[in-house]
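I am attaching a structure below and will ask some questions about it afterwards.
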């Protein structure tokens, strides 16, 4: 009863200190073994399974689940099965906070893995830091995840938009010198960070910058402006649906620029699927090869078309666990992410704790499916450090034109990535 | 022609029509009289199917039409001109008229159309105008004319004299008698109604309190004072 | 007993119940408890507008948007202000917006008002795109509100404290709301709803009453948005979609239009229907697409069934039930 | 100088779709005084059915036909099962909530069957060029259909019955009009027009939320034009389409929704019943 009275009084006298002044709470890992038993480890994620971002991204967790099932069927990691809990946040930040609080406070997950989206995930980083929950392999190329001092629990995954744009810019400068460049970019950090990277390399060549709003599928005005600016090269900092819309709209205008697409929007399998019907139907002789051939794109994960050993493994897992889902780059993204996490679990050792998981990430020993190394160390929590550049040929196959390159997010040079990387056999995750 | 037996209609717990028996003979006007709230309008609305009765029967032209929907009742030959006429103000005069007999064969419609315009000449000049522009008397003519478009066997009229000048009322009621139609005429204006009716019923609180020849009713001072207020 | 005292006593009792409840439930359920609190306030405000005055608003999320951003901006740019000042500011900002909306909407009827308010819910969050430096663009604002009095640090878990603050604020606002709506203003509102012309003939200033209703409900919405920001530390355009506005309106009807008790049931439904349906979907081995969309389908079906079967909402059923019990005991 | 002609042509094509969906709203509003919030979802189901038929047959026209038939069936079912029970309720809010509920259910069902992934949906004709055959088809179809609907309402016995049943259901019944049937026909007609709008709006990509913004602009167009005025609504749709295309091209795409709000506020503050709406307040 006393605490009750105390509570009522405290509420009525609410607040003496400022709402924004946060006391310096010592951030650090708490509840070391939450979610861990001898035979299982519970992890969680927030994904847009419904709502505006569901198209394109709802299949990531399917790929991830397939890998976890594969791992579990192989006996798990150190005898622990991975229990993967996917919460739908509908790409709504409010719901992201709610479902992440549920995962942490109620389900007591060991770690949050691959939470998707900048507007969404940025709202839970402070909470996860305060609760001491590892927050690894965030599914977004924003720069914010790489902040070891402020957000020691958080680690990135995909190459950030700036690094990647620097590499694409370098390719444009070298392969298409003197050409006028236009940019079509999503009006958020995808576009802003990407343009920052382009500006580091080819600022003077850019003649037009057109934002698009993901809620507005009509990009005709933007493509019209790009055409009028005389841009011969159009860099697309877009999600796949808008890459496809841009390509179709350009075709509608009879505008034929060289498209250069950042990795998030350059999923050739998805693009082919989206554009396939315009070849076959109703008099419009616009075949997929006609629309896509010549497109330049960036990637950092092994290509679905390649005979990379990782691709072979992913194809096996795909065929066994999720044959109904088309094997797109998006699915591969989820698979690579899950594989990387499983690898970190293995690296963390048999006596699993949150601190050991973080140490495993910072050890720099994770070498994964990606074509470039992770930046992970005590000083950096950035994910993949670079990308390769490919073109699409007239049979809609991808050909690497620039081997994997790495760079930093500042003014550092773009250099070739180390050529060695582990194969699945060398990682020997299970069995 | 139209026989009502034991009709009970209620809105909520209080019956508005409470066990009415009524008989309207063919070819003449039968008047239903009574003060405001006596149940006259509810009686008509029940007969024409706008409200469902709790009990009782309505037999029209040898057929039990109790509980029929209004559109079926009018197609059977009993047309109802509601209170204030029910002219649809947003439609033109011509459209209002046409509505009255849309289901009938084209030729019949055309014939009735001519007859109605002959009967109510003022309407003829106003066909393309919006019905909202008509005067009160013209609206009542339109309403009755529209009902006649269905070439009904019987006509049920709810207070055709409401709000009209006495001369207009007289003209309309006279027309009604000249038509030699079976008509059930609900009126507060008892003197005018009885002048054209053959038979009259007096309603009070949902019940029939008197039924007699029109002349008898007109002559019965006591009844007039008690229920009809003149 | 005067209405004010009675309402205050009820609120105090409710607060004691909430505090007691918060002590026995786990931290996350405390978050849910707090969510019910701010939704309750939002739905209560809307039920005054829609239920009492008869103005159907499909854009109430816009006021939550304003409240949340006000609190977010103040927490970030004026960190020294205590949270209750931030909340008052949120109420004031959306109150002003509500008065403006009300003034513009006073002449609108039915579907015209609905269309205009829907456009408000769609259009207003786009402001964040125009001022990305200040409002964070589509990422919105992220912040942490620290309001726990120094003496309670380590004694009371944060989520429990948050639930207390949310409910204390919401209940205080509800007392004001209850007082206003049971008094002369409430009678004027009902008169306007039932027949504007007769209300005007009876001396009710129709326009003023309608604007006032908008103002009151906007203040509630703004406070609710502010409390949401306080609780979740986020203000982003993606949270204030038309879907939120429509969900609030649905909650009004689910609970029982025009009743503050109904607002409570509506708020509970908002929080727990979604959560329950998700648990349900997780519990079965359904195909992914079916499981993903099941909560939405369930919510839709519940709405339809409630309107068709329970015209007076949950509160209507409860009232009927309690009346029947009273009758049977007499 | 921006390419105003291209912007205008693009806007006209978008506007045609707003006009068509707006027309569907107006037909139902006139018939039953209900704003049908389920309209985009009804159209969505039809568009997905057209998509499935297209995939199976490799053609366009059979899919369109199936969509229109499906629209008719869905419209009739909605009116009979969900709207009719509310008719006697006299509550403005009940149909709003029921149609919202239906919107949620149908969108969810589409997501369950066809998933949230965008599906490519073909144009009827070649879509390339400023005046592409596909755009011309959309604009001409909408204009022709709108004209046909106006003709139906204004110059046929069925149209007269529909109007009478909508304006004065009690009186219409007394005149031999089968009011219930007319209301159903109104919903059927509207849902068919809505299905057409859905199929026209779907290209290039179909996903469960693709018609949401179209619906918002369609409602905006209807409100601007006057909810009980089909001509005003169709004009409103075209004008809004062009205006928003200009806003997107000249000022920036993030301002499009704000611009729609601004237009709406401007119009309604001058004319509370839309530009061409009748101000006769009718209490139902």
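As written, the chains take the letters A, B, C and D, and residue 1 is the first residue of each chain.
Operating definition for what follows: contacts are C-beta pairs under 8 Å (C-beta built on N, C-alpha and C of every residue); 3 or more make two chains touch, one makes a residue touch a chain.
It should be emphasised that the depicted structure is a prediction, and the values quoted were computed from it without experimental measurement.
Engineer: Identify the chains in contact with chain A as well as chain C, in label order.
Structural biologist: Touches both chain A and chain C: D.
Engineer: On a CA-centroid basis, which chain has its centre farthest from chain B's?
Structural biologist: A
Engineer: Comparing B-D against A-D, which pair counts more contacting C-beta pairs?
Structural biologist: A-D
Engineer: Hey, how far is the Cα centre of chain B from the one of chain C, in Å?
Structural biologist: Spacing between the chain centres: roughly 53 Å.
Engineer: Starting from the mean Cα coordinates of chain A and chain B, work out the distance between those two points in Å.
Structural biologist: Centres of chain A and chain B (C-alpha means) sit 77 Å apart.
Engineer: Just the number, please: Cα centre separation of chain A and chain D in whole Å.
Structural biologist: 38
Engineer: Roughly how many whole angstrom separate the Cα centroids of chain B and chain D?
Structural biologist: 42
Engineer: Going through chain C residue by residue, note those that touch at least 2 other chains and give them in order.
Structural biologist: Answer for chain C, listing residues that touch two or more other chains: 126, 129, 292-293, 296.
Engineer: Enumerate the residues of chain D that touch no fewer than two other chains.
Structural biologist: 111, 115-116, 213, 254, 256-257
Engineer: Would you please write down the residue numbers of chain B that are in contact with two or more other chains?
Structural biologist: As it turns out, chain B has no residue touching two or more other chains.
Engineer: Who touches whom among the chains?
Structural biologist: Applying the touch criterion to every chain pair yields A-C, A-D, B-D, C-D.
Engineer: Flag every residue of chain A that touches chain D in the complex, lowest number first.
Structural biologist: Where chain A meets chain D, its residues are 49-52, 54-56, 58-59, 187, 211-213, 215-222, 224-225, 227-228, 241, 244-245, 248, 251-254, 273-278, 280-286.
Engineer: Quick check on the complex: what are the chain D residues that touch chain C?
Structural biologist: Going by the criterion above, the answer is residues 29, 35, 37, 82, 85-86, 89, 91-94, 96-98, 100-109, 111-113, 115-116, 208, 212-213, 216, 219-220, 222-223, 227, 254-258, 260-262, 264-265, 268-269, 272-274, 277, 281.
Engineer: Residues of chain B touching chain D in their complex?
Structural biologist: 48-50, 69-71, 74-75, 79-82, 86, 88, 90-91, 95, 98-103, 146, 150
Engineer: In the complex formed with chain A, which residues of chain D make contact?
Structural biologist: My answer: residues 2-3, 6-7, 10, 14, 54, 58-60, 111, 115-118, 120-130, 132-134, 204-205, 207, 209-210, 213, 245, 248-250, 252-254, 256-257.
Engineer: Taking the complex as given, what residues does chain C use to touch chain D?
Structural biologist: 50, 54, 56, 104, 107-112, 114-116, 118-120, 122-124, 126-127, 129-130, 242, 246, 249-250, 252-253, 257, 287, 289-290, 292-294, 296-297, 299-304, 307-308, 311
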